[in-house]
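Note that the chains are named A, B and C in the order they appear, and that numbering of residues resets to 1 at the start of each chain.
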Amino acid sequence: MKAWLGLSVTLIIVVAAAGAPWIAAHDPLLADFAAGLKPPGTPGHPLGTDQLGRDLLARVLYGARLALFIGACTVIVTGIVGGLLGLLAGFVERWPSAVVMRIADVQLSFPFILLALTINAIVGLGLRNIILSLSAAGWVVYARVVRGEVLSVKQRDYVHAAAALGVGRARLLFRHVLPNVAPSIVVVASLQFSQFVVAEAAISFLGFGVQPPTPAWGSMLSESRDFLYVAWWLAAFPGLALALTALGVNLLGDWLRDTFDPKLRV
Amino acid sequence: MRRYLLARLAQTVLVVFLSLTAVFGMVRLTGDPVLLFMPMDIQAKDVEEFRERLGFNDPLAVQYTRFLAAAVRGDFGDSLRYRRDAFGLVLERLPATLLLAGAALGLTLVVAVPLGVLSAVRRDTAFDHVGTVVTVLGQATPGFWLGLMLIYVFAVQLRWLPTGGMGTAAHVVMPAVVLAAFYSARVARLTRSAVLDTLGEDYVLTARAKGLAETRVIGKHTLRNSAIPIVTLAGLEAGQLLGGAVVTETIFAWPGLGRLTVQALLNRDFPVVMAAVSFTSIVYTLMNLLVDVAYGWLDPRVRKT
Amino acid sequence: MRALELLVVAVALVSVAAAPVLAQDRSRTKEIVVGLGAEPRTMLGVTIVDWTTNNMLEHIYDRLLDRDAKTFKPKPMLATEWKIVNDTTWEFKLRKGVKFHNGEPFTAASVKATIEYALDPANKTHFTANAYWGPIKEVQIVDDHTVRFVTKQPWPNLVDSAASTNSLIMPAKALKELGPAKFAEKPIGTGPFKFVEWRRDERLVLERNPDYWLGAADASRVTFRFIPEFSARMAALLSGEIDVMKDVPPHAVEAVERSGRAKLRSTVSSRINYLALVNLKPGPMQDVRVRRALNHAIDVEELIKQVLKGRATRMCGPLAPTNVDYAPVECLKHDPARAQALFKEAGIDPKALALTLDTPSGRYPLDKDVSLAIAAQLQRLGIKTNVVVNEWGTHLDKIKNRNTGDMFFLGWGPALHGQGTMPPLFLADQTYSSYGNNKMLDEKIARAGTLLDPKARAEAYAELQRLVQAEAPWVFLWQQHDLYGVTQSVEWTPRADEKMWMYDAKIVAR
């Protein structure tokens, strides 16, 4: 049941994102001052327009592309960085484990916005900032989970057997441990994906959002605050899209976890 | 156990020290400290003069050592913006933050744990599915969006609750709900999976076979053993809540630590940033330590390692 | 289930009992609540230059001189007369019979003590800078109600400083006995309201001073509540929790008016917005023809009408009518043909031109949206504009380090006199300037600042404005409109110099 719901919702979002240029009748970047803040149902603008007259439906659809892009990039970056560090920490243990865990602690203990601001000072606002900031905050989960998984896989019999047979450390890591840890990485990735998409909204709220006029759900939601009492649709539709995406991907991730490794605690 | 504790304590000190250094460096990277708190029509040479007087023209190493030496004594200097002791400002905000964090945590535990337990016990029923959807939505809804919706409905339209600020019990309700909505999701899902795990264990089968009432099985046997991950998460959340409630505090005009930190960062008020981050860093790592210790206490198997 | 029902009832009761005091109740007790986005940075006068802080401090302290709400010329407040004695000396006659909240009499000693506090390096105030009280050499007490300012050089604008929040007077004796730190805990002034409490980052509470020399205020109590999030402030206004709020955005005006609970009060502000065309770095902006072309290419009227919903007043030169040194200049009208001709003359093909526009976000009304609209307008001529949105601190840093793109959006205010507007913005070595290295202009600006004779001053500034208009260092945009949301039961008119003085407010019980 969960799987069907998750899969179908996610598919809808992906299709909408891919098909944006054909489904949307307008250019999401085209400003038409005279048509600002029109409500949903206006001819030609089924979801209404924003303050600069841009079609909301087009912006929501193109926003799906960006959401998926941000989610995917962040997941890949954090997966690789966190995964590698976690593998190292779990496999070698002793001081690499302590070092990685303490770095994680250091980073978790200071405010996320500091990361965003520092990155802002280096690369400026925009997409790179978002992906870097989210990655910087997100790798920790991977590292922790992967480390835990590696620690437990290491105890398994076949690993002991392989070691007894004289298999080299590197080979042990990549041929025996990694394949068994891989499913958990995938599961974490899917669960983190939706988190990152939502986190983009928080970053935009703090002022570090995507550069205009690029449509991104988070920055659209953040901008909609100013228009809450005059144009509810500016907050409603991006918010709905965000919630649905998070729901779909999350349910999918849940199903993945239930299938591969129900014991996995994320 | 003692050796473990001592080792962790030493590591904690190291972590705090590293945090302070990292923050010092990062904050310096974010921009000119003096520019933002000067009025716009001030002359360039006056800005220079202020910078010189406040010691920002000294080489970085000098500034760093000066900062560390004072920080150890709890002296982070005066806020550039408010001209008051920076650490004092942080302490002033603490009660408000603690109140909100406590309320949110309490609400989370009261709502999420039973929800998680029930979801686990009634696995794969309609209740479970609806519960999952609700919790996912709780995590998927951006905090500021939920907060503004609540304000609109309950404060503007219904006039049941105030729009923000601090003062009476009514003022805590909405901010705590917004915070709890997010964390409840995580705690509920974790509780569910933790309980599911223990429900499959042998001792539960035995308890059931013995004829114990279901509630007793769950309450006494299951929960106690599921407690570990729940406690871990709760402990970490508590640490995060201290500095992480920025969005909620801003929306509801709650005079807390998160908001102070963010404003200080955006205003490049270095002393306050250092004071606030040092404080939250220490508290967070201490909470981490406490959680690890509690881990050892709750699970005898860990104690031996 | 019983327990649950009881809980719901209990919560409801608690909420009702603890419900915020609503607007109707407040109009009976004559209390006003003002919603602001930021809290004051200090309770001491002449310490920090910050609009928010000084706006609130003006309720506790008085200025030496006020400004007339219509003409913005200085008018008596704590000082009743003023004159220039010689090139470096101003004399002020002080009002008699004024007392501080603690009973201490207001005399020349108070003025001397306040200025000396401001200039003392140990106090680290902003006011030691030349733009504030820096040019003062000493303050002389002639007698109890006469004080003289001796300056290092001729300072014709001293009266403007005296007529602003730069001169909030503190009591000499209390300041000396308590020292600034302790004095700040319970500040004492001569103003229409007395300090009650300051709950940091939450609220500042003041109560009426019944012995105020101008007559007691209508409001019995003024509370400033600090609500950083704009939509929460709006919510508070619409729900009746606050009575006054500043900066209602143009598109929310309707919502305010429709609410039935509050109405809009607006005024043309002295604060100006402009698009700086940076000529301090090599680039197309160094050619005056390109700058003029941009002025003709951008349709300012359309921006005002469509983006700001009419809530701005167009400017054609660097100074606005609310500036005392204003002189009218000709407008660079919207004329795409003329723009094309100028581009051609300068040897630039607009279709091949790519510019960068730096803008802050949320600092000025619809700043980001205006910048995007400008980019869209330039697109009509084929010019590609990359709009870079900066966090406020970064924006200022970039301007200071001359690191912005070809253009940047900025505001300036309150812009009440030429000396405060032209030198900081048109001289190459000034922090936030976008233009400079024009020797002729440099000299004329410096000279205009030293002229004591009002007629000569007016002529000099009129000439300057004509010259600046011809040089087109900016795309001249507009004066902001300050839009305030005010609850139905409060009668209060906003001022163009952004002074938000609750003394003027009258509460009408409805």
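Everything that follows uses one rule, which is that contacts are C-beta pairs under 8 Å (C-beta built on N, C-alpha and C of every residue); 3 or more make two chains touch, one makes a residue touch a chain.
The structure presented is a predicted model; accordingly, all values stated were derived computationally and were not measured.
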Query = When you draw the chains as points and link the ones that touch, which shape shows up: line, ring, star, complete, or other?
reply = complete
Contact-richer chain pair [A-C vs B-C] = B-C
Remark   = Note, CA centroid farthest from chain B's centroid sits on chain C
Note = The distance between the C-alpha centres of chain A and chain B, rounded to whole Å, is 21
Note = So, in whole Å, the Cα centroid of chain A is separated from that of chain C by 42
Message = Between chain B and chain C, what distance separates the C-alpha centroids? Give it in angstrom.
response = 37
Task = Would you please write down the residue numbers of chain C that are in contact with two or more other chains?
result = 229, 231, 238, 391, 394
Request  = Enumerate the residues of chain A that touch no fewer than two other chains.
outcome  = 117, 120-121, 207, 225, 228-229
Touching two or more other chains - residue numbers and ranges from chain B = 30-31, 148, 152, 266
Ask   = So in the complex, which bits of chain B are touching chain A?
value = 11, 14-16, 18-19, 22-23, 26-27, 29-31, 124, 129, 132-133, 136-137, 139-145, 148, 152, 190, 193-194, 196-197, 229, 239-240, 243-244, 246-247, 258, 261-262, 265-266, 273, 277, 280-281, 284-285, 288
Request  = Spell out the part of chain B that touches chain C in their complex, as residue ranges.
outcome  = 30-32, 35-36, 38-44, 46-47, 53, 81-83, 89, 92-93, 148, 151-152, 155-156, 159-171, 173, 250-253, 255, 259-260, 263, 266-268
Note = chain A partner, complex, touching residues on chain C are 229-231, 234, 238, 249, 251-252, 254-255, 302, 306-307, 361-362, 366, 368-369, 372-373, 376, 387-391, 394
Message = Considering only the defined contacts, which chain A positions touch chain B in the complex?
response = 1-2, 98, 102-103, 105-106, 108-115, 117-118, 120-122, 194-195, 198, 201-202, 205-207, 218, 221-222, 225, 228-229, 235, 239, 242-243, 245-247, 250-251, 254, 262-265
Key: Residues of chain A touching chain C in the complex   = 31, 33-34, 36-37, 51-52, 117, 120-121, 124-125, 207-208, 211-213, 225-231
